[in-house]
Each structure stands twice: as structure tokens, then as C-alpha cells.
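The following blocks contain the structures, represented as C-alpha cells.
Across the two complexes that follow, chain A remains constant while its partner is chain B and subsequently chain C.
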Partner chain A sequence: MSSTSALEVHDFLHEPSGNIPRETPAERVLTTHNASDRFRINEKSYQQQFSDMYFLRLMTLRPVVEAIAQEAWEDFEVSGEKAHKVDRALDVLPGDLCWITGTIYMDMPLKPNILADITKDQFIIPPPPREKYVDMGLDQTMLEDESGRIRLTGTALQQHELVTGIVVSVLGSETRNGEFNVVDLRIADLPAQKPIPKIKLADGRKRKVALASGLGIGASQHEGLETHLLAEYLLGEAGGMGDHEEAATISRLVLCGNSLAEAHALIDDIEDSEAQKPKSKKYGYDAATYDRAPTKALDSILSSLLPSISVTLMPGEDDPANVSVPQQPLHAALFPTAKLWDGSTFERVTNPWVGEIDGVSFLATSGQNLDDMYKYVEGNDRLAMSERLLRWRNIAPTAPDTLWSYPFQEGDPFVLDEDMCPHVFVIGNQPKFETTVIEGNDGQKVRVILVPRFDATGEIVVLDLDTLEPERMCFKVEQ
Partner chain B sequence: MAPPKRSNRTVRQSTLSFKTKVTKSAPNNSAFKKGSSSSGGATTPSSSQVVCTIDDSSQERAISRKPVKIPKSTTSSSVSSKEEQAAREVSSARLKKFYAAILESRLTAPVHQNSLTLEEKILRHFDLSSQYGPCIGITRAGRWKRAHRLGLRPPIEVLAVALQMEDEMAADHPAEKRDTRRAYIDDFLSTRNAGE
Partner chain C sequence: MDDYADYLLGEVLGEQKLITYRGLSRALKVHVHTAKEMLYAFYAAHPGKVLATYMLTGLRAEKTDQASDRDEDDDIVMSSTSEPAQLVKTVVVVPEEKLSATKATFARLDSIAVYSVQPAKPNDPELLSVASQELLSEYWSEDPKVMGATYGVISNAESKKRTTGARLVRAPAAAPPRSITATPAESKKPEKKPATNTLASAFAKPPAKKKESPTTASPEPTPKSKPEEKKKTPPAEKAKKPTQSSTAKKAQKDFFSNWSAKAKDKKPAQPEPEPVSKMDTDSEDEAPAPVAAHISKNLEMAEKARAVKAAKKAELEAMMDLSDSEPEPEKESTPEEVKEESPPPSTQPPPRAKRRAKRKVTKKVTTQDEEGYLVTKMESVWESYSEGEEEPPPLAKKPTLVAVKKEPAAKKKGRQAGQKGIMSFFQKK
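Coming up: the complex of A and B.
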């Protein structure tokens, strides 16, 4: 018998009479999506060398940087001497106040060096990989263009935190021992940005996108409760009506890499030397050592999510994709059930990824570019480093030096085009969640988001598409 | 039931052969012939037409096609047909003038180049012009097109000679002659032939 005085609407149990107002289940918000295949490599040819990439980078960015430098230093005078432009690095005369444009090369002895590795191999156990390559006493900064290199010195360099592969203009003069003493430095800064179209939904609901990285499925012994909790939340199975409403505003989930944990051969667990002998291979892999469980688990989670929400899957460092950046999309054969949604809600994309959701352009990477840049500069401020990546107009400047990359010959896709300033810059697999808005000279605004690893922190980021404000959601199981 | 016996009367079907021409004997249509040969040496994509004529001479209606000459430009990855057309119209007198201008701009004449043709001399000068990028690992025509796309304005005469080399290499493949589509220093600086 229902008590008509207390009209409490229970979320899970409804009393059978018709007086209780029924809540209709919320429908998910739909957004338009345009993907770009900028980082797809269709024909792989390795006949070319990496010098082509540096040439393309310099050719694309040099006019931009030169224009900025020209404007800045047109009337620069020091004790009566005016600064003038020099076309080639080798044409610099000693004592002459001038400015040149070129690519920076950092000569760091602590960088992984193949010759040092070979000699060390012979004699001693190799040391563990270093956290940072930078060493103020040993490093040398050089400026390079097609003609040659010139070494840079000066206190002005310290405040700029330079990295191999960025295109800059430097103002200064050559000293007696052939080094260029830098007084001032200019970079390309943010490119132009397209305006975001204003979209308002008829029912006034918000539109959101969920960003997650480092799911790390299949690694540990326990079940991955947090991942299942995340999936249930996104599907609207967890929580009350309020949570369902919130989950319904999320239109897309972007997985920024490392969805699978690092590969772990089964044979390592077996102590027996007898079992360590390689068995005969069938279908190209040794069935005893290949562990299929992680991909099966990821596949089942994806196929539970895909009927309801769109998922964009990016490969990461630990995923079974190619090692060199740009990583190509994970193969459809890894997802026997999820690939059925390949044309509609499932999207396997490259790392880095450029996409547009309801007119908001996203540029996302799985973190390898920032992690590699981190080794070149002092300090821990990853947010400042990612801001610099955008201001240099090059999201992976250390490729191909220390970050393995495909040798591009026609155009360097890591260099941002003139009108390609993203609205949101996402970097996954970072130690903690950080965000900021950076502004450009022409009114560009970019929201930079560092997404933390889900298996370490249990956090995802939910971004509102109207205000571009991110918020953090934590899924943790009390131990 | 046993399968039906093959009678001796059935003719054995011939296997597919691509050697014979597709054309059936068609009346000599001079109007069409004039249209396709006016372009002469410059075979641009617009001139390759598939001509459909109705064969009046034979009983059945037949669609006859002229053997389609695939223009060379579609085989390379990035087609800039306007530049290629202009390049194919460059005369050898113009090439001589161009190279003479290069020699004028130098301080001394290049040495040890007596055995080279004019075309090869022009191409080697282009290879070593570092403002167009590295010459290793890319064909000369490809490098010209890339430099053109980046706005560096490489001379059209170089493209003329490079396309000439492409045509030569495509026409006959002598094993002893080196691949003139690529730079000379590419032969020993690149790793392509490392395994041989």
C-alpha cells in the first residue's frame, strides 16, 4: 500500500501505482565529430634520412619567426650600432650586431649515445636510464641552418629553456672565440585560431567530453574495479538520477593512450629453466608466453561502452602499436567485438590526434612528447613545458633526436599550421591533473589539460564544451 | 547421375591476355585522331580521352577504345601539371643559356666534369644547392616539386631536365646505367644498396 502523503521518488524501486511521477531515462547528448588523418602514414618508406624533417621544419617556421624578429628588432641599437639580419649562420662576422634564424640543437653528453652504449656493453653493466639529460656545466647550445652551426652562449639563454628542434631567431654578436653571444631570442608563438561556433542545445543541457588516460588494463592481479566503476558511471548504471543526468551529458570518451598495461610474458613467472626453452611457434607467436587476457578485458569494456557512448582510442607508450611517433591506430584485430562499432561510435586514432568535436578543435597526445621534453629542461613544471610546446608551434620538437619518429619527407605534421591553433591541448599519462589557459597575441585562447594516469590516481577529466572548463572525477575503491 | 560429357565441338576458352589491343577494327576516324595528337609531347591528363565510337562496319554494336596512353605525370605522387607542362616546353637552347648563366655566377668553372652531359651538369648543380634541402633519399624531380611547394621557386629548367631523366628511366631499364632520377651522391651516401 502506498502512502500518498510521502511522494518520495525512489530511484531504483517504484511502487506499482500510477501516482508516482515516472522519470524517463535521460538520453545522451550527441555531438558532431570531425576527425583528421594528419598523422596517418599510409605508405611507409625508410629510404630517406631525418635531415629532410629538419629541413621541412625550418622552411615552414623560418618565415614566421623572421617576421616576428624583424618587427621586434628593426630599431634595435646598441651604442650606435644597428642590428641587421644575416641570412646564413656561417655568414656571421665577429663583433657584428646581427640576428639570425635557425634550429636549436642541444649537445648534451648525457643524452643516449649509441657509441657510448656500445663501449659500455663490453665492460660494465649499463647504468639505469636517466631522468634528465640536462647538465648545466656540460651542455652546449647550437643554432643550425642549412649552411652550418654556430654555438650560442649568454645569460639570456638560461631564461628561455631551449630544446633541440625548435626554430628561433637570436639577436647578438659573435665573440672572439667564435661563439654567438645572445642578447635576445624570439619564437614563432601561437598560430591563428578558428572561432568556436556557439551551439546551444534545445533542452539547455551541457555538452561534455570525458578524457582519460593510462587505464592500464590487465596488469595487476586484482580485478580492475575502478575501470568497471568508470564504465558503469559512463553508461549511467551507477549512482542516482543526478548521476545519470550528469553521465548523459558526456557525449564522448577520449582514451589518451596506455589503455593496456605493459606487456608481460607469462613465461617470466615460471622458474623452471626447462620451460624457458622456446617452444615451437604457431601463428607467429609462442602461445605459451603470449597473454591474451589484457586485450580481451579491454575489448569487453569497450564493447560494453560503445553501444551507448562514442569512444576515441589513442595508442600510448605501453600499447601494442609502433614505437615511433606518430603511433598508428591500434589494429582492429585486437578488438574482435568492439570493431563491430568501427564505423559509428568506435574510433581508433593516431597518437598525436587532431579532431573536432562540435567545432571545438582538440589536439591530444599520449604524453611521449612532453615526457621527452621534460628530460631536456630543468624543473618539474610540466604545465609551463606544455605551454612552450604550443608557443614553439611544434608539439614534438625533440623528434627525431631523442624521440623516435618516422622520417617525414613531404611535410612535418608536428609543426602546427598557420591556422591550426587548437582550442584544447590534451596531454595524457601525466603524474597529476593540471590545467591552465594560455593566450596568444591575436586573442587566441587554448585550454591546456594534463590528464593523470587512471591506474595510479583513479581520476578522469570531464571537459565542458561551452565554457571549456575541465573538472576532475575520481573513481577510487576504499581499501 | 554422371556429369554430362563434354562434346568435342565446344571450343576451349582462351586465357586472359593483355598483349592484344582492346580495339576492334574501327573506321578510321580522322577527327578523333587530330584531337589526341595535338598536344604532341606534352601528354597532360586532359588529353588522354577514352573515345567511344559505334562501329558501323560490323554487325554488332561495339565500343571501341583507342589504346589509352597513360601520361607520365600521374605516376608521381604529387602532380603539378601546370609546371610540368611548362617544363616540357623548355628547349635545349634555353637549357644551354641557363647553364651558361650558372657558370657566370661562379668564381671558377667546375672541374672533372668533361665526361658529363649538359643535363647531368645542370642536375648536379641543383643537387648541391643546399637551399632546396638535402638531395639524398629523394628523386630529383621529387625534390624540385617539394621545393616548389615550399615556395622556394626552383628554376623550371631543372624540372625539365629531371623529367627528361624520368622518361628515360621509364622507357628503358639498362642495368649498367646508373639511376639518373636520383642524385649522384645518393648512390654512395644512402643505405638503399647496402645489402647488395
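Coming up: the complex of A and C.
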């Protein structure tokens, strides 16, 4: 924000003078980049059960949470009775002050229920999906481990807005009703963080990364001008010399999902001669219902950007990728031109995505994880929710319950391993831009950024890699 | 430099087009900053006749009436209290009538420029993005590295466009690449075949073929136009070809060896979704059609290919009058072509006729019995068939060969060539 304040207004409202500064075009600042294949699924098999994910999660996080609980509650005493650890939820004795570790399960009557869906009358219009599942009074919180479940009660639960799938330790005692009255609760908290390597460019230029989500390129053309403005800015064509210099410091554009608008049935173009060809349907592909225009538009915008700026493309909810998380990279066939930069500046990645840009580790999702968690808790504070995702060490706790997920067998990739604490946590497709820094006990600092949908707000976020300060940028067409 | 005024006059006032600064910079090959100034100069020179939109960049206080905030009441309170007038870097495009109002909202203006000019008429908001979209499709083929410097696009040392093999060529459009991937395979076969395959040798005119095959390799950059020119001027072509052939053929051979290796890997498993190979099987039902018909079809296509827009229609037509169009193409074709293609029709029919035979086939027969039940039985039935149906490869290969000769890059041919490739796969078994 401050770099160009000294500059005069660069105005072009005069006769062509021909004195274009010779330093244009500027060289783009380059950054090194590593992508992790943590969320890649190479062989898909749906033979296995989803329950393994909960088991794996518990196995990974239990030692961590138990260690934290041990430290916190070792000396906890109530009227002379010392708290002690109980290994299995079913071994808790009534009246015994103890702590147990397990996975939270939220029993919410408003949650979508597959059995209820099947038994329901098929002939009425289904109600629209709920914005929230929360219903105080009906919801029950359970703690589950390998042995069984125990219902949790107590006021301590209220302040911890729990969701299904997180691993916690709870301290308390069993009541006469067989419920566990929670006095205190511990979660895994942030894992360790690698230090950010100190990189200073020789010429003192900044290094930045642009984050955008929800370009929402659809078939209708007039929505797209903001996207073109974005491209013009990133290429250094829009604005004056100050803008050009600033744009040159952006080394990479990360598109956090929903680059294409939600797919809709194609009706208007049916009269297109091609669609009417009798042989249009082959191999289950019906040319009449498929609209190429959005992917084509995305492809051409990407290929105009790629000669100049690196682009990391994540799939999102509306994109033509698999629906369940982790979404696999968008297929190269969607980008006949842009794919030619595969391996140099074009990178198609998974959602969620883990990567390093100049040593700064990024963890980004296209927003489904937060949107789904949002339904479990009251309130609108998405920033606090994303903080909790990190502190729980699970960026998609509600998978595979209400967030569709691949049934992992070897390990749950959504659980943050030790050392995996990102420096920047990005969540795309949010209603508005928000940011905060959260800090851990061991000096971890995570910059959390909620990136708004570009098609709704015209905003992107430009992150400075040195200071990790995000800055909002707005592209608007005013008619 | 000064011809920009003429250009803009013609485009904006003559053709009634909307011109953006990017469009102007691409059209005149000037820096975008110069183009912005040109637009203003033009706008100032024709007051009242043209409308302008402006692009402003700078810092602007965030507006509080954002739609996204409105539905979350408690958040409005939060943001308005905690961060009062937050300055946001903004790039905005406004029509001229709103310029001063918008300008006033900026806390700091970094730049101001004319974004586009258009003839004074009712403003259509779509025009701008349509123009931007067209720009992308029109100039995508330019080398971004070279042209970027001219236009003032930030350069990137890391960016490398992949240019290996057929993949690059496949990118621009679906059709031409197909013909290119297929033709090398096809054109190489004749070089091997003559000794072993009698049919092929009867039909192969080695010199002619050698002449032709390089042309299939050479038109890569401009697949459509080159071959056509050559065809129109056969004498000049003969002079040209030999010089090309030596180098081009080498390149082609290398190209082919890569390709064939790849193809071999792929054939057994078909692991990756390879749209081209699948598409080629599209027209499988046409496979057993007589060679002559194919030739005629190809020829007809060659004619039609000149009118690129009508190409699709042409295919349909060609398919429809497959049977009765045979004589036509021979009239159309050049003498050289007639010579080449005359052998096949004469040699073809006899082998086909000889091969009539019978074979035993197991068929499912469903009948209804006295009680009204459906009974399905497997029955052996003798059925007459012509071997031509089962063994098209020798026949099938020729048409593509001819196809390659006639018009290597004609779109529709590409598809057929690929199809024949599939048939040869059966022959090996």
C-alpha cells in the first residue's frame, strides 16, 4: 500500500507522447515453489468403509491430545479426589473423576440423514438444504472411541462449539443418567511449525502472491469484464507505471476453486446446428447438454496469463472435478491451450492444497470444509471457525459425516501432522474478506485468510510473502 | 505513429466497433500505455461522436453498502467499528458520464486512462467483455514472449510453453491435429509395404508417394492453407517438393518413431483418456464402405474443406450421397490424382467378390411356447458373409493413403485416416 504513495497520478489523458519508460515491461519477481501430493488419490477404491477414517484420526491425534490433557489435569483435584485417565469410554465408573479421549459425534436431528431420505415420500418436493443443522435442545454431543459412545453434558461444552469428527480429551465424571458431565476439555492445538527462510531479493523488490476464488466464469459474457480487468492488472497492462511495478511483484496467482460458474443445463443453444446432429450422443456424452463456452473462456484467460504469471488452479465445489474431498486436479483436457504451460507456470492442484512458495507453507481449501462446519455451529464468525479447524488439527473434521470424502485407508490426510502447521491458511469462496493471525503456544504464527468470491465481490487478496500481510484488491465495472 | 487516428476513425466511426486500449495496442503493435494515450487523443478529437469509458486505479474507501454485508447484520457493526474507512486498492472502469463522481470516491488516484472508445449510441454493458473475449481468441497465437515486450506485458523468465510433438498442434483446434497424428503413420506404411503387400504395390507409385509424404509433415504450422495452394498449382509443386522432402522426411521419421512407440504402449491398455484415439472410432460404422466411395468422399471433402465453415455440413452430405457421388469427384480432381486413384476401383471388386463364404454363427433365438413363456435358445446358424467385411485392412489402408495424397490436412480426412489405423490393428491379429 505504501510503495507507490510517492508517485504522481499517472494519467494518460493527453496526446501520445511516445515516452514510454524503457524499463517496461518489468521482469516478474520469481519465487520457488513446491507442491505436496498429500491429497492426491492415485488409485480409487470404494470397497472400504468410512469408519476407518475415524479410527485413523483417533490413532494419530490421541497421543497428542492425551499428552496435553495429562499435563493440564495431572494435579486436578476435587474434594481430595485426583483425576485419572481412563483408556476406554465404556470403562468410566459413575462418580469417578477421570478424563477420557475420543472423537466427538454430534447427533443432530436436522442433519441430513440417508435413512430418513430413503423412507421419505418420494413424491413431494424435497425441502431446500438447511443453512444450519444446529437446534439447541435437540442436539446431543457424544464422545466415541473404539469401545463405544458416551453422551456428554455440561456447560463446558457450550464454549467449545464442537463438530463431528474432532478428537478431544474431556475431564469430568459420569452422572447417574449415564451421561458424562464435562468439567474441562482439551484439543490438540497447533502442530509445530517450520521456520520461514529469510529471503531478500537483491533489488529490494517485494514478493507477493495473489489469492482469488470464485471467478465463476459462466456462459454469460457481461459478467466477465471484472475477470478481464484482473487479468489485465496481473499482466501489468492496466493502470499506470506504479500499478505495473506492483503487479510485477506478484509471482503467482492461486485460484481457490469455483473458477467456473455452477453448471446449468443448456437450453438456449439447442438450436445450434451441432447439437442437432443425430449422432451427437456417443459414449454417454450428450453434446446438447454440455456448454463449452465457460471452460473455453477460462482456458483463454488462463493462457493469456500463463506467459507472464504462474497460476495454481484448485478445483472447487462448482468446478468439473469430483465432488468429494479431496478434489483431484481439474483434468488437462479442460484446458487445451493452458495445459501447454503444464510443468512451467501452470499447475493444477488438489483441493485442499498444500504447497510452499519461497519456503512459506500454504494450506488452502476451496471452502467446502468451512462451509460444512459452519452448519454445525451457531453464529457467523467464520474466522473463529477456521482458527478452530487449525487448533483441532483437522481441516475437514466433518468429513466423511456431512462433508463427502474419499474413504481413506492409510491415513487421514486432513489431519495436520506434526511439523505441518502452515504459515498461511487460505479458505476460498467466502462471503467476504477477513484475516487474522493466530498464535500457538510454541511460537507458531498462522496467517488465516478468507478469500471472498470474486464474482460476487470483485475482490482478490494480495499477500506479501515477507510480512505475510494480506491486502485486498478490488476490480469493478460501474455502469 | 499517426496512422492510429485513421485506424480508429475506420474502426469506431466506420465499422461502429468498440475499441479497448488492449485491442488498439494489439492491432497497431504498440505499447498499451501509448494505446491509452491514442484513445484519449482520438476521443478528444471527436467530441460528441464517440463515447469513452475510463479506467481508474488507486486507493478508495470501502463502501459499506456491499450486498454481502447486508445479510449478516452483526458483522456490519463489527467492521464499521473496528476498521473505519479502510482503503482498498481498486481498479475500476466507468463510463464517461460517471467519471467525476467515481473519481471523487478515490482517496488516492494512481492512474487514469481511457479504457475504450465506442461510437455514441446506447451503451451496451456486454460490449466491453465481448471485446475482451474476442481479443483473447484473436491474439492467442502470437508468441507471448516476443509480443509481450511490445505491449508492455510483464515478462516471466520461468514460463515455457510446451511445444513438443503433436500435442502442441492438437491444441488450437480439434480437427487438424487429428489428421497430423494420423498421417505420419499412414504415410510411412507405404514405404515399407510395397514389397510385401501386392495390393499396395499395385497401387503404390513410389515416387509419387515419396513426394507426397513430406508434404504431410511440412504443413504442421499452417495445416489448412499450404496443401491447398500446392494442389492448385501442381507443376510448381513438383519443383518444390523434392527440396523439401529430404529434410522434412527425416523430421517426419523421427516424429513417427516417437509416435509409434507411444502408440504401442497405449494400445493394449488404453490407460489414459486419449480423446483422439477414441474419437477416431466414432465413425466405425462407415468402415466397410468400398474404397472408391472413400476416395470420392475424400475428394469431395477436399473440395469442401476450402470453405471451412461448410465443412461439417459437407461431411453429412458426403455420407448421404456416398453411393451416387462416385463419378463426380473424378471430374473434379486434377489429372494427377485421377491416375493415382484409378487402380483401386479396378483391382478392388474382384477380391471382394471371391471371398464370399459361409460361416457358423451362434445366435440367440427367443420364441414363445404354447404356454406363453418366452424361451431363449442358443442356435447355430450358417450365415453367408463376405470376407471384405472381416478383413478390410488391406482395402482400408489404401483409402487413407489416397487421402493423405490428396489433401493431407483436410479436416474430415483426418478422422478417416485415424479410423483406418484402427482397422490395421485388427489385421495384425
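Rule of thumb we're sticking to: the second predicted complex is superposed on the first by the 433 of 479 C-alpha atoms of A that agree within 3 Å, B and C clash if a C-alpha of one lies under 4 Å from a C-alpha of the other, contacts with A are read in each partner's own complex, and residues count from 1 in each chain.
Please note the rule applied: a contact is a pair of C-beta atoms (placed from the backbone, for glycine too) under 8 Å apart; a residue touches a chain by one contact, two chains touch by 3 or more.
If you're wondering where the values come from, they're calculated on a predicted model, not measured in any experiment.
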item	value
Partner contacting more residues of chain A (chain B vs chain C)	C
First (chain B), second (chain C), both or neither touched by A:409	first
Partner chain(s) touched by A:452 [first = chain B, second = chain C, both, neither]	second
Contacts of A:247 with chain B and chain C, given as first, second, both or neither	second
Partner chain(s) touched by A:431 [first = chain B, second = chain C, both, neither]	second
Which superposed partner A:155 touches (first chain B, second chain C, both, neither)	neither
First, second, both or neither for A:42, with chain B first and chain C second	neither
Touched partner set for A:342, first chain B, second chain C, both or neither	second
Interface residues, chain B side, partner chain A - complex	78, 130-131, 133-134, 136-138, 146, 150, 152, 190-192
Chain A to chain C touching residues, read off their complex	1, 4-5, 7, 9-18, 20, 24-28, 30, 221-225, 228-229, 232-233, 235-240, 242-244, 247-248, 273-274, 277, 279, 282-283, 297, 300-301, 303-304, 306-310, 331, 333, 336-337, 339-345, 380, 431-432, 452, 456-457, 459, 462, 471-479
In the complex, chain A residues that touch chain B	47-49, 51-52, 55-56, 59-60, 146-147, 409-410
Partner chain A, residues of chain C touching it in the complex	1, 4, 21-22, 25, 31-34, 36-38, 40-41, 55, 57-60, 66-69, 72, 74-75, 87-95, 98, 102, 108-114, 123, 125-126, 128-130, 132-133, 136-137, 140, 144-145, 148-149, 151-163, 167-168, 170-172, 273, 275, 278, 282, 312, 316
